Amino acid sequence: MARSKIFGSFAAAVADIPDGSTIAFAGFAYPGVPFNLIRALLDQGAKGLTCITNGTGGAGADRMPDIGMLVEAGQVAKVVAAFTAPTRASDRIPLTRYVDEGKIEAELVPQGTLAERLRAAGAGIPAFYTPTAVGTELAAGRETRVFGGREYLLEHAMPVDVAFLRAWKADSFGNLLFRRSQRNFNPIMAMAARLVIVEVEEDFLQPGEIDPDEVHTPGIFVQRMVKIPPAPEGLWPARRAERGAKA
Amino acid sequence: MARSKIFGSFAAAVADIPDGSTIAFAGFAYPGVPFNLIRALLDQGAKGLTCITNGTGGAGADRMPDIGMLVEAGQVAKVVAAFTAPTRASDRIPLTRYVDEGKIEAELVPQGTLAERLRAAGAGIPAFYTPTAVGTELAAGRETRVFGGREYLLEHAMPVDVAFLRAWKADSFGNLLFRRSQRNFNPIMAMAARLVIVEVEEDFLQPGEIDPDEVHTPGIFVQRMVKIPPAPEGLWPARRAERGAKA
Amino acid sequence: MSGSNGLARQQIADRVAQEFQDGWIVNLGVGMPTMCSNTPIDTDIIYHSENGVIGYGPVLPAGQEDLHLVNAGGQNVSLKPGAAVVHHADSFAIIRSGRIDVTVLGIYEAACNGDFANWKVAGAKGGGIGGAMDLAACAKNVFVILEHTTRDGKPRLLKECALPVTARGRVSLVATNLGLFKPLGDRFLLREIAPGVTVDQIRAATGAPIEVPADLKTIQTL
Amino acid sequence: MSGSNGLARQQIADRVAQEFQDGWIVNLGVGMPTMCSNTPIDTDIIYHSENGVIGYGPVLPAGQEDLHLVNAGGQNVSLKPGAAVVHHADSFAIIRSGRIDVTVLGIYEAACNGDFANWKVAGAKGGGIGGAMDLAACAKNVFVILEHTTRDGKPRLLKECALPVTARGRVSLVATNLGLFKPLGDRFLLREIAPGVTVDQIRAATGAPIEVPADLKTIQTL
């Protein structure tokens, strides 16, 4: 009776995302990055976006669709990330220039705090205390509190409008499996979002084909899914050698 | 090179638990309750215990070892639970008399707050805010704070010295699998504790036999495990009909 | 008091279950609320229980129980295809983040200001909260079920709760053996009345004003 | 400055890896720290990476990479038997709750008061923190690795950090190409010196006092 969660195209799955949305992008390095959904969002053109992500990417010759491209396309108003500048002064990422010119706001958040703020949003916890960043520039002027003789920083939940995920397997109800380090931010971003859109690597399974004990993200968190077509139509990360061959 | 985590008996696994320990007992109804470890603790006799548990049990003719028995044995100083009295006035649980007589302190905690306080302890979060219990007797005189126009209650992490778990399968490194609703408090109590002792239903597996993606509690959280022998030596919950037959 | 005793327990649960909408995630408390899952309704409901089970189905017959699987009431339920299990912290993350469309709770008292009480009896030192406070504070809809009066005939629907409350102002539907009520602040709206029961009977058995709509409907029993 | 340039990068990592104790859970930062896992040591180490991998093993050769699996440095590693994967919030729960025995971080500056800096270069508006602040604040031991001086010869071991710090007072071991140091508040203790390097050379290259023990040992390279 319920409407199908399976969409026929990435374009259809992201069509109604409005300007000004806050979108969380899963992934850590290549695994778990929703490359196909990012490309669809580039085509869709929503503007004034707030992008929550570990990093914005943009380095490397064999670049896949990334937040840096959304930045370069003028779609981004703000980035919240654990990396808002490269770690080596000699590296460049697209975001830097926009931040330096004041065109984009960048909020730098320690990776664990980023994860916990997303988790808090998905857990109905409005705020919590963490030891991370105490005594640093990031804590300057902010509220801290001592528990058991140690100083902690107050952090707020980070709810998001939309989460873009990439999963290994899914059943048609939306139960998701992630493989190896593909899991990373995916489950917690799913919990933090009102609308969860997933690109799925394997063919959809029937409900009941995934053991309930093995589900990583329950289907109640998932609204839309798209099967990733084979390359070159679908985007798949390649081995280093293959990437070299393409470049 | 590391010392084996597999112990030969429940008695050996609980032998050195000192008086005054704070112990978390997993389980919700029958599934996931460490019956064998509770019985071993009754035999071991540690006193002045603080017991963290969803409920203390003690009802029913076919009673299995429960926190109520530790209470009756005079081993308990304090209980922290989501049920410190029966929900029907006509029911009786062993704890009630001891609390009424002032012999045992009882801290009543909403079940979700109990779970989140344990999770916070295991996540290095000293305190957090929750909407639960605001405006009730449990919040009387306590610190609240408004976020986004809604009032929330400050709650503190609940670290524990020892956690007693019951798992379905385990490998010798301590990676645990729970089956169905056996999972309940087990994983978060494992994360909240310094010493985690597990009774395991199936024969131990070799490291590598559990898919890393399917692990519910990683072995780094587990210090001691004991295989549950077949009944009657080991304690196993029975079907209702079998329980009736026994009684 | 004259008139019918109104609905049987399963009939109250049946009426509540008919409020569930297609696709809802439903959490049923122990006791009468559990009976809602017996009601034959043609909506697609996902049952969630506090211990982390999402998508459970009917109770299994004796001898066929899965001893690793219970719902919040400790009943050995089955799983529907597409079910998933999470741990207790994730289960209450689902609750606190507002993803439960409705919780149905068995209670002691309901007030027309939307308060209710279900965790502590008069004079007790302790109480039994379970997950009720989390559910009551955070579910999108809070429905409560109770016998309209105590065994000795005293009203349980009140202007203000006498017992310690579970949550304030959260109840949107009160179902009793006598009728279906909506708290409106200073009074209850009588949405539907049980067959054979009179409005006077309800007024006499209630500790708060009752508003009766001109087109008062009678509860259709299944 | 005269004397040897001291240790090669892998040699610095080798010396740090010899500090790991049996059964330790070790988190290696990007860059030189990653090289610690190349060191042949006969202790049982569990490698944890921020993205939720517990128990990873050597980097897989080109062509054999598992594209679903990387460590914190984005390298396609393997898994050891007994490995487990968790999501990002659980991974940092492990970090914040103090279960990482040691984190080894590549840094810009270390101070003898135990502060260090590794996330923001001078003049930059943003920075790259990754998981370093969580690890630095919460790991049981914080070891840092860096070249003893900048490319133009300025000291990186200082009395106080000039760059914004990552955490305060948490460093217990500083490893450079010139030696192994322990911050002692107002000075560094020179625990071991690199072969061919002189104490005078270290003093000239360091922006903080150096305490030299009477029985100064030379680092044994593998």
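A, B, C and D are the chain letters, set down in written order, and residue numbers restart from 1 in every chain.
The rule is simple: a residue touches a chain if its C-beta (ideal position, glycine included) is under 8 Å from a C-beta of that chain, and two chains touch if they have at least 3 such contacts.
What you see is a predicted model; the values in this text were computed from it and never measured.
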{"item": "Furthest chain, CA centroid comparison against chain A", "value": "C"}
{"item": "Between chain B and chain A, distance of the C-alpha-averaged centres to the nearest whole Å", "value": "35"}
{"item": "Between chain D and chain A, distance of the C-alpha-averaged centres to the nearest whole Å", "value": "28"}
{"item": "Rounded Å distance between chain B and chain D, as computed from the means of their C-alpha atoms", "value": "38"}
{"item": "Touching two or more other chains - residues of chain B", "value": "116, 119, 123-125, 130-131, 179-180, 183, 212-213, 216"}
{"item": "For chain D, residues that touch 2 or more chains besides their own", "value": "79, 85-86, 89, 92, 95-96, 138"}
{"item": "Complete list of chain pairs which touch one another", "value": "A-B, A-C, A-D, B-C, B-D"}
{"item": "Interface residues, chain C side, partner chain A - complex", "value": "22-23, 25, 42-44, 46, 48, 54-55, 79-86, 89, 92-99, 138"}
{"item": "Residue ranges of chain C touching chain B (in the complex, touch as defined)", "value": "30, 49-53, 62-63, 65-71, 74, 76, 79, 85-89, 91-92, 95-96, 118-121, 124-134, 137-138, 164-168"}
{"item": "For the chain A and chain C complex, residues of the former touching the latter", "value": "1-2, 119, 121-125, 171-173, 175, 191, 206-208, 212-213, 215, 218-221"}
{"item": "Sites on chain A touched by chain B in the complex", "value": "116, 120, 123-131, 145, 147-148, 150, 152, 156, 177-180, 183, 212-214, 216"}
{"item": "Of chain B, residues touching chain C in the complex", "value": "28-31, 54-55, 82-87, 89, 95-96, 99-100, 106, 108-113, 115-116, 118-119, 130-138, 168, 179-188, 216, 237-241"}
